[in-house]
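See structure below.
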């Protein structure tokens, strides 16, 4: 065989054979063939699972039957007959159980969204503070984190609700602050009511946003073309705030305030933030922020010191280093655990039931379940909601991770 | 030619010592100085009244609310109820059984945690296999001349511990199976494990407890009935095993491939390979993760108040409703918070310590 | 077989009670259960097992109670539960009688100077979730054209506590419980019950549907207590009364008459109830009435021949 | 190419037309190799040429897709029993030792005899100590692998394999993860083993070792056996260009 | 000690009586050094002697506490503007490359010109490609750092610094994290750079490089400059015992 021959042969690897191994001379007994054994094992497993499901289902049906409990989702159309103190859509006692599901779901979304925003802000602040050069700032943040993440959330909810908020004065003795009233029934603040001409302000806001987007694009193009840098965030912030403000003034301030007033037992008019919502929101925020802070700290620490040194050595000022080097790298590390914190917060919002905030679990898996007795349907629907949420989240995360994965050899 | 090593000079005074430290850590630029001053002021301003209330003005001794007259915290409330907070409604003549079970557990764990002590394998086998049986008979009695104490009399901190410890210990074997399933090459086994794990991790514990308390009885034949505590435990274990599976998976992934190959090359079968080689190594790596899930579960056990079990939080809250002690809820909450905090913080420190040790010590000379 | 069989075999009765409602079922500091509902459990145990102490109390939340009964976790549910059509018809349970004729009422702070529920328009009302109370509240306000904001809690204690701290203007629950909870408020004197009663709340023990023998036992345990009161038999005088000439008393104490056969119980089953638990009047007085901190009047819970509703079929 | 004539029944390992793919990548191309009982084979070749893959196929750490591998007369198939049989007969020593860190040296050595061959512990320990003496570290028996130097660890790995009393030993670059001064300890043990007549297939670039003990040197490139010769011929008179190139690189340092 | 006489105005970098402490630890002791424009200085010395610290003071990655550092006639003070100015004039290449992993090679190179010097992208890219060609990896421009070998990454790091058109280049052990075959690629680039007249201060133990390009070799120990000489003299006739000892160790292998 000549060297050339070998070389030639080497260049052409043969394709993978279609049918795999040649036929064996003696059939292998199936219990010794790992492939067949795996098949058998899995078939057995499936059969067992099937039997389990079958027995659970048949037991359940028997039990329901013998107890005379009806099954099915038809109860969702029946009249609920109980009140819900907070609803983002119209709801009265005469609405159906199906609607209580939606009301509860929306309330869950409300408190989760509020919590996510606040916990993110507080968490980032604390995470950065924990890395501060200033000893007191760093220790303060560390103390906060160590205290709040090691105490059960439920206890914190109880604390805020029963020990703090219920110690507030009654409506008659409300504390007045900035035109709002704080009392044991919550915080009542004026509600802005748009009047004719308010459309102009909204229009200006939209315009401001669009203009900012264009401006950012223009600034980038100009920098690429001429190298000059335009402070587009400041200009953008100015546009978004300034334009509507200008329109507001020009249109003659077309906004009136619906002030809360003590009428009868309660404040009417204005907007009232329920104490249940506030307690839950506070507790979720404070608890989750401690975890987010750790995530953020981890993300920032994950950017090697050498990156900062390299940026400094290139002459990048601190602000730009942060924006161009640190944040893009830290965010890759932060976002996956951050999303799971968001998910945790959403799941934790179900503790609402302990203080009577009307979230999904409290309204639907609580009152509706009790009134109808349809445990299976109600619990399954509730679980399905949370499950869907977490599936969506992990779907998003997988996509994100794929897109963001650093290219490596 | 020799050269002289110049003597090291002392650093400029303002860069070292207390002054240097303060310059660097407290007054590094105007922003930092401002932050320092504000925080120092706030700390003094806010902490003084708290310390005043909780310590200086507080009442410590007495046995009724009359003892609490000074306007500070009323720790008498905690003191008189302490036994109930710790043992629930467990008959006071029998509380030594709880103490014994607890001390035994601590002793076993301490044995496992101290690196020097021998027989680790046997002690951990005892802890995982026999201790639960011993503890079961100690707690519920009904054999060996111990009087029967029904589970609805269990409560307080001991119930919290029972829920958390049983939840973790029982979830561990399921977690191992699920993790092995998730890493299996058999597609059905793998997908079933994945579905199980993701479903339980996707729902809040509270709905799981609801399910355990209202749906579980429907799933079993009519004549089978479970104790409420047992149902809660089933829910917790189902839920926790999914989290445990992920911890175990992390441990398994950290075992180098060479270990699997060496075991294969020696002709060990799958289960022998797992039990003799892989799991013992993985378990060690998993301890920090297990401790962390334990902390999470320990905090989460407080949710059982929602299905009407009297854990520490619930029993303190109920005590706060006692007409004799109305108005001392804050003291109660602080007490509970302190109990939980001490345990959780202690454990998290321990797990961090282990993590560091594993990080630096893994594969090195022991 | 059946529930009776399993109770006898097991040697104790499993009775579902509350987590703690003063006067009805509440554990004392030693964990011993007391209350009117508890006495019903004890009566059934005395009838079936001959020993009123052979009861295992299972505290249940409002949410769990029906499932606990349905699944057989408890043999009888004696837990301030209102007898309604829906519960009888859809939940697969049967109510075995009424231990306490209750009605839903309202507690308000005295200083508001309210005279009637009708004046509560726009009020915030604390209420326990998952009870008929919550539905009655909504029905009543709606039918009277009043508006209100409900604040819903998992337990009655939390609802009462929140009312106490001013979270709500009114607290609504069955009046029986309202009195008990009022004693736990920081200033019970400052809280009054409005005179209106907005619903009928007949409270009674319930059993699973489909076990008629057990249903009868529970029903007649209760009737035995009522008959004893009507006949003046008490735990103190039960032994002397055995010698009474009154045929009704003889039948009640198992000296004569149908005895225990039809129910598959010991012949002295009703004697044991009276002896160990006492008659209905005793139980009432001890737990909720004038001998108790609750100080509830007999009112409509008096016997039929004393102006109340309590009426038991004759034992013959 | 001279093919030493070996009688069929005396073969310890035989590969016939073995082909293997990783996905689409053809990693072993029509490998034919016969190893007689007691033969010592050294396999060398550039990185990625498939040396490891080939010897890992022999004890089925990797599956091949075409061709036959016959060890001690047993043909490797899907049959688990046969695979177990072959793994019992074939010992393997890895580049990174792969000792079990949670077990002492002695426990490492008795594990497989006890659990695979079901030898009583006492007997297994006696055998183990014997082999530990042969690799000259009986005094380390109670230590954990993490407490030993690399050279000592590799010697334990060899002893561990020997405890199963294998007919064939496979070595995959057993010295390449070691510091220079430790290489010698391990090579000495291997040379001794070779002298005692163990059948060995050894992937290594230690040419000194090859010259001292190998009966044949096999040179692989791009998944094929390019050249196969007795060591003296192989080093002094390589036939193929590729071999010459490789040897020139390797002998440089 | 011979001090090459360099005219004051032609100095690129000057250190006058620089002292630095880490806490209580006196890490730079009275350092005096003058580097003329176009001079190539190699700094060597045992580990921990303060070499890195010294060159990191020059572009203010570390702060010194006493003495003056003057770069291109500008004295380093707290003044941020001056620090930025100096950093623009001084390029630095690190031992571990410190490329930005989230940006492509080209983006790494144009980042500083665009955001610090405000050069239009097209122009910055043209310059970058030019330097990438000079370090002989123009074809890798679109790849991410993680996809390159160590030697390639280090060449990108050099190109990235060059894109800012610095007057002085600092190198801190640029080849010590590389495999032997990659070291050469990087040294070749550095030698070329030196030939073109770039002022360079290079901490390295590559004595071949020092001999080829250095104008002066500086030996540091325990925070001081012990010896300073032109390479031939330095290697063949070291003055100080400490230097001799060090050289004897380093030249061994």
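Letters are used for the chains, namely A, B, C, D and E, taken in the order the chains are written, and counting of residues starts over at 1 for each.
To be clear about the criterion, a residue touches a chain if its C-beta (ideal position, glycine included) is under 8 Å from a C-beta of that chain, and two chains touch if they have at least 3 such contacts.
Protein identities per chain, from UniProt: A, B = Amino acid ABC transporter permease; D, E = Amino acid ABC transporter ATP-binding protein.
Being a predicted model, the structure only gives us computed values, none of them experimental.
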item: Contact-graph separation of chain C and chain D, given in steps at minimum; value: 2
item: Distance-to-centre winner among chains (Cα means, whole assembly as reference); value: B
item: Contact-richer chain pair (by C-beta pairs counted) among B-D and B-E; value: B-D
item: Chain of greatest Cα-centre distance to chain A; value: D
item: Of all other chains, the one whose Cα centre sits farthest from chain E; value: C
item: Distance between chain centroids, defined by C-alpha means - chain A, chain D (Å); value: 55
item: Averaged-CA centre spacing for the pair chain E and chain A, given as whole angstrom; value: 48
item: Distance between chain centroids, defined by C-alpha means - chain A, chain C (Å); value: 46
item: Chain C residues counted as touching two or more neighbouring chains; value: 63, 67, 70-71, 154, 161
item: Where chain E touches two or more other chains at once, by residue number; value: none
item: Multi-partner residues of chain A (at least 2 other chains); value: 63, 66, 162, 353-354, 369, 375
item: Touching pairs - complete list by chain label; value: A-B, A-C, A-D, A-E, B-C, B-D, B-E
item: Chain B residues touching chain A - in the complex, by the definition given at the top; value: 24-26, 28, 32, 35-36, 39-40, 43, 185-189, 192, 198-199, 201-207, 210-211, 214-215, 217-222, 295, 299-300, 302-303, 305-306, 313, 317, 329-330, 333, 336-337, 340-341, 344-345, 348
item: Contacting residues of chain A [partner chain B, same complex]; value: 38, 41-42, 45-46, 49, 56, 59-60, 62-64, 66, 132-137, 140, 146-147, 150-155, 158-159, 162-163, 347-348, 350-351, 353-354, 361, 365, 369, 375-376, 379, 382-383, 386-387, 389-391, 394
item: Chain C-touching residues of chain A, taken from the complex the two chains share; value: 63, 66-70, 81-85, 93-94, 162, 166-167, 169-170, 183-185, 263-266, 268, 275-276, 353-356, 358, 362, 366-367, 369-371, 373, 375
item: Of all residues in chain D, those that touch chain B in their complex; value: 59, 61, 84, 87-88, 90-92, 94, 96-102, 111-112, 115-116, 144, 146-147, 160-161, 164
item: Interfacial residue positions of chain E with respect to chain B in the complex; value: 19, 21, 23-26, 29-30, 65-66, 221-224, 226-227, 239-242
